[in-house]
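Quick heads-up: structures coming right below.
Look for chain A in each of the two complexes below; its partner is chain B in the first and chain C in the second.
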Partner chain A sequence: MEEITLIALTVFSTLVFPGLLTLWIASMLSEWWVRKLFARTQRRMGPSYVGPLGILQPFADFLKLLLAKTEPNYRHGSVKLARIFGCVGIGAITASLLLLPISPLRIAFNFDVILLIYFLGVWVAISELLMSTSLTNPFTIKGVSRFSSMLVVAEPAFFTATIVPVYLVSLTTKGEPVFSVSTTAEFAWSLWTNPLTAIPMILATIAALVSIQSKLMFPPFNIPEAEQELIAGVVTEFSGPLLALFNFLHDADLYVLSLIVAVVFLGGPYPFSDNLVLGALATTAKYLVILTIITILKSSFGRFRVEQGVSTIVKYGLIPALVALALSIIIGGLA
Partner chain B sequence: MSTLNLDPWTATLFLSGVLALSTLVMYLVYITLSRKTPQTSSEYSEPYIGGEPASVIKSVDVSVRNLFWGVVRGAGRRLYTFLRDQMHNGILNDWGVYMLSYIGLLTLIALIYFMR
Partner chain C sequence: MVEATHLIEIPLTVEIPVGPQHPALHEPLLLKLHADGERVIKVDVITGYNHRGIEKLAEKNTFYRDIFIVGRVCGICNAVHANCYVRALEYLLDVDPPPRAKYLRVLAMELERLHSHMLILAVNAELAGYETLFMYLMKDREYIMKAKEILTGQRVLADYMMVGGVRRDIDEVKKSRILDIVQRVEERVKYYHKVFREDATINKRLRDAGRIKQADALAYSLVGPVARGSGVKTDARAHDKYDAYNEIPFNVITEDYGDSYARAMVRFGELYESANMVKYILTHLPQGNPVPDERKLPRRFPEGESYAIVEAPRGELTYYVSSSGGDKPYRVKIRTPSLNNIVNSAFAYVDQMIADVPIILGSFDPCISCMERAVITDLRRGVKYQIPLKMLGGVKK
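Moving on, here comes the complex of A and B:
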């Protein structure tokens, strides 16, 4: 009986919550929030026609691309391969969601943060890059080359920043399992109340936000898709359902990265950890704050050249993350 | 809510299974929902070069070597310039000095390690 319950819970977590269905809805809603807010900063209306305040516009865009348009019949690449890598990227994001404490079936063990890095850092990035290179075009390759250049710095910056709260929680609390995403989410709030641990947490959060901005190719790091210069860079050859799939993968990445900051850095449901409804509201509020900061950064900058982008990620992403980690090790030695 | 405390090996296999299942379901949903009519226009079978014909470019397929050097130049332009101009300037004496200093450094580290 227990095995049947476990299988049912696994299938539910993979396909419904926090899996594919919730991932799709949350990704589309996140896209709406970013588009609406971004438009308002430029004195535009943003999505307005489908649903109240245009909230259903991303759903309509996705379904239109998927249902009404056709796949490109491209001679110089493999549409099937692009399709497979798009689905693998979404699969990797779904798998990583099971490590977060929002899942009804939670996977936790000592050092499980390494699996989070493996699924989000390796699989998602590789899927995005290979999906683009599957439909080859000089502009696509140039975009992929620029995107890879930034990922070389942005990925280590993001995951070094993620290790900081994980490391501090493992050293300063008695939570089990150690170096685990779930344990970190439970005790992360305590790191902000201690002035000694708050300093590396501030640095790590800044580093995480800067690297998220570059991983998502948001301005000022939008050189890989540099409109007008590279046509559309990494998405030049995508149209119809393939474009819908790539947009979903991109939005899902936005959702899961912002959720990690809200849960692992800001403590998720804290201070309402005992109340399910208030806890969910607190997590949502923190998530929206992160999304708003990302959108404000997106609307505040023009496009950087690739070497400017890389040096900015090093200055405001990698170095703060490494300093935060070094401070954490010193604090760990004192504790 | 239930927590599965697995060993790292089993957890990796379990989550890889979740990845495979969600990939398969996503692929099936995509195949089922996406429009079946094949694209007949030749416009969609050629690369998009800003409205120009594909013949304006030397090759549609850019080699992996170009991608690699694009990343090296993009991610570490300063390091690349330093390596090209200082390390690989074509002067044999400079190369000798570089190699000797590198091997000397390694020998120094080895001596410090073994004499500890």
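Moving on, here comes the complex of A and C:
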């Protein structure tokens, strides 16, 4: 009986909450938030036709792409391969969601943060890159080469930053399991109240935000899909269902990365950890704050050149993350 | 053993077409980039996607109809095109428009310069990926379009010039409305100037992009803000003093460095100058009737030829009109600034990054519809000696 319950819970968690269905809805809503806010900062209307305040516009766009058009045949590319890598990316994001404490199926064990790095850092990035290279043209090649140059510094920056709260929590609290995402989420708030750990936390949060901006190809790091230079760069060859898949992958990445910052860095439901509803509201509020910061950063910059972009990520992403980690290790030594 | 005498390096290049349909270009033009990694090693400028046969059309229509045709060479700078052509006709007929008409012509042309420069500065920001700044600049540009509508009756295609004067007069209410708009927009321009000076992305992208030295600007006959950005003090308004430019005070703005940033700064300087000129005109407008009676204008033109010059927002624009005596011109020859600036400036892209190409092109303020001719250009320049690959077979041992 327990096994059946476990299987049912696994299926529910993977497919419904916080898995695929919730991921899709949350990703589309996040896209709407970013689009609407971005438009308002530019004195534009933004999405406004489908649903109240255009909230259903991303859903309509997704369905339109999914249903209305068929993919063309490519002589030197493989749509099937692109589709497979798109699904692998979505799968990796869904799997990483199960590690977060919002999941009914709690997967938590010692050092599970490594699994998060493996899913989000390795597989999502690789899927995006390989999805693009499956359908090549000069613009795609340029876009992929630019994207990989940026990921080389952006991924280490994000995960060094993520390790900071994970390490500090396992150092300062007696939470079990150690080096685990869910334990970190539970105790992350305590790091902000201690002045000693607050400094590396501030640095790590800044580093995480900068690297998220670059992983998502948002300005000033929209170098791989620079419209004015490379048509659409990595996205150039996508159309129809494939574009819908890529957009979903991108939005899901936005959702999960922002959620990780809200939960792992800012402590998720804190200060309402005991109340499910208020806790969920607190997590959502923190999540929306992160999305808003990302959108404001997006609207306040132009685009760097690739080498300027990489040096900016090193300067404001990788170096703060490494300094934060070094400080954490020193704090660990003192403790 | 045979010693090697030549080192032959074959650059591994990727050919990237920018255009003829491309998001960076708002009009059809093909820049064929040959890139080694991110570095551009050669650019071919290929035009001819928008040929409309305007000059031939002008020969087929009467002198007066042609005023409307030349106004449609370019949407953005239609008043200067019409002004230049109308003045060429006036030189033929030996007509001198009244002072009030001359002032109003300058007013229309300076309003046009205001919105044209705001447009290209917005496009510069957009090409640097700064969408927000683009949206803001375009919104404020719209007020200038409104001012142009108050003056001429049309936002875009003014059709304001006529032989011997202008088509509409202006009253006190319109004067105060235009003055109010220009004063408001001037404040916004000051803010955008500050953004261009201080913003990290704009500075990093525009500085050092497509630098043109003063000697190169002169050697390649570059004109307008592109030449002035390289320290060449050339301005048809200052040295030709046509219409009322001899009475209205203004400065010729130049910058020395010659990069895309310097060109943007020249345009900002000219925005202030144009705004001051508009304010001066509106407060010092001479009395009189600027609208001539169309029925009294001669149908047939005397035999002869004339040449008129005007400083368009993009640089020096000239019209040559030849009349063989009749109601149609024998030949109308238009020499537009974009033709000079775009076709002759391919050297500016060499050794730059691919990412800089749209920015450099944007900083030249291209107006493709102005420049469609059959032109053959040889663009292979630079320090290293290069030969085509097919010639390699002929290299002697």
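Points worth noting:
The rule we apply is simple: the second predicted complex is superposed on the first by the 335 of 335 C-alpha atoms of A that agree within 3 Å, B and C clash if a C-alpha of one lies under 4 Å from a C-alpha of the other, contacts with A are read in each partner's own complex, and residues count from 1 in each chain.
In this section, a residue touches a chain if its C-beta (ideal position, glycine included) is under 8 Å from a C-beta of that chain, and two chains touch if they have at least 3 such contacts.
Computed from a predicted model, the values in this text were never measured in an experiment.
Overlay on chain A: chain B and chain C fit together in the combined arrangement. Contact with chain B, but none with chain C, is seen for A:104 once the two complexes are overlaid on the shared chain.
Applying the stated contact rule after C-alpha superposition, one finds that A:222 touches chain C and leaves chain B untouched. Legend: residue contacts after superposition of the two complexes on their common chain; A:231 is shown touching both chain B and chain C. More residues of chain A are touched by B (comparison of chain B with chain C). When the shared chain is aligned, chain C comes close enough to touch A:42, but chain B does not. Once the two complexes are overlaid on the shared chain, A:293 sits clear of chain B and of chain C alike.
Judged by the touch definition given at the top, the superposed model places A:72 against chain B, while chain C stays out of reach. By the document's definition of touching, both partners, chain B and chain C, reach A:138. Contacts of A:20 after superposition on the shared chain: chain B is touched, whereas chain C is not.
When the two complexes are overlaid on their common chain A, residue A:302 makes contact with chain C while staying clear of chain B.
Superposition on chain A leaves chain B and chain C with their closest Cα atoms 5 Å from each other.
Shared contact residues of chain A with chain B and chain C: 138-139, 141-142, 231, 306.
In the complex of the two chains, the chain A residues touching chain C come out as 41-44, 138-139, 141-142, 219-220, 222-223, 226-231, 299-306, 308. Per the touch definition, chain A reaches chain B in the complex via residues 6, 9-11, 13-15, 19-20, 66-76, 83-84, 86-88, 90-92, 94-96, 98-99, 104-112, 114-115, 118-119, 123, 133, 136-139, 141-142, 144-146, 148-150, 152-153, 177, 182, 231, 236-237, 239-241, 245, 306-307, 310.
The touching residues of chain B, when paired with chain A in their complex, are 1-8, 11-12, 14-16, 18-27, 30, 33-35, 37-40, 44-50, 57, 60-62, 66-67, 70-71, 73-77. Within the complex formed with chain A, the chain C residues making contact are 14-16, 22-24, 38, 125-133, 135-136, 139, 199-202, 204-205, 353-358.
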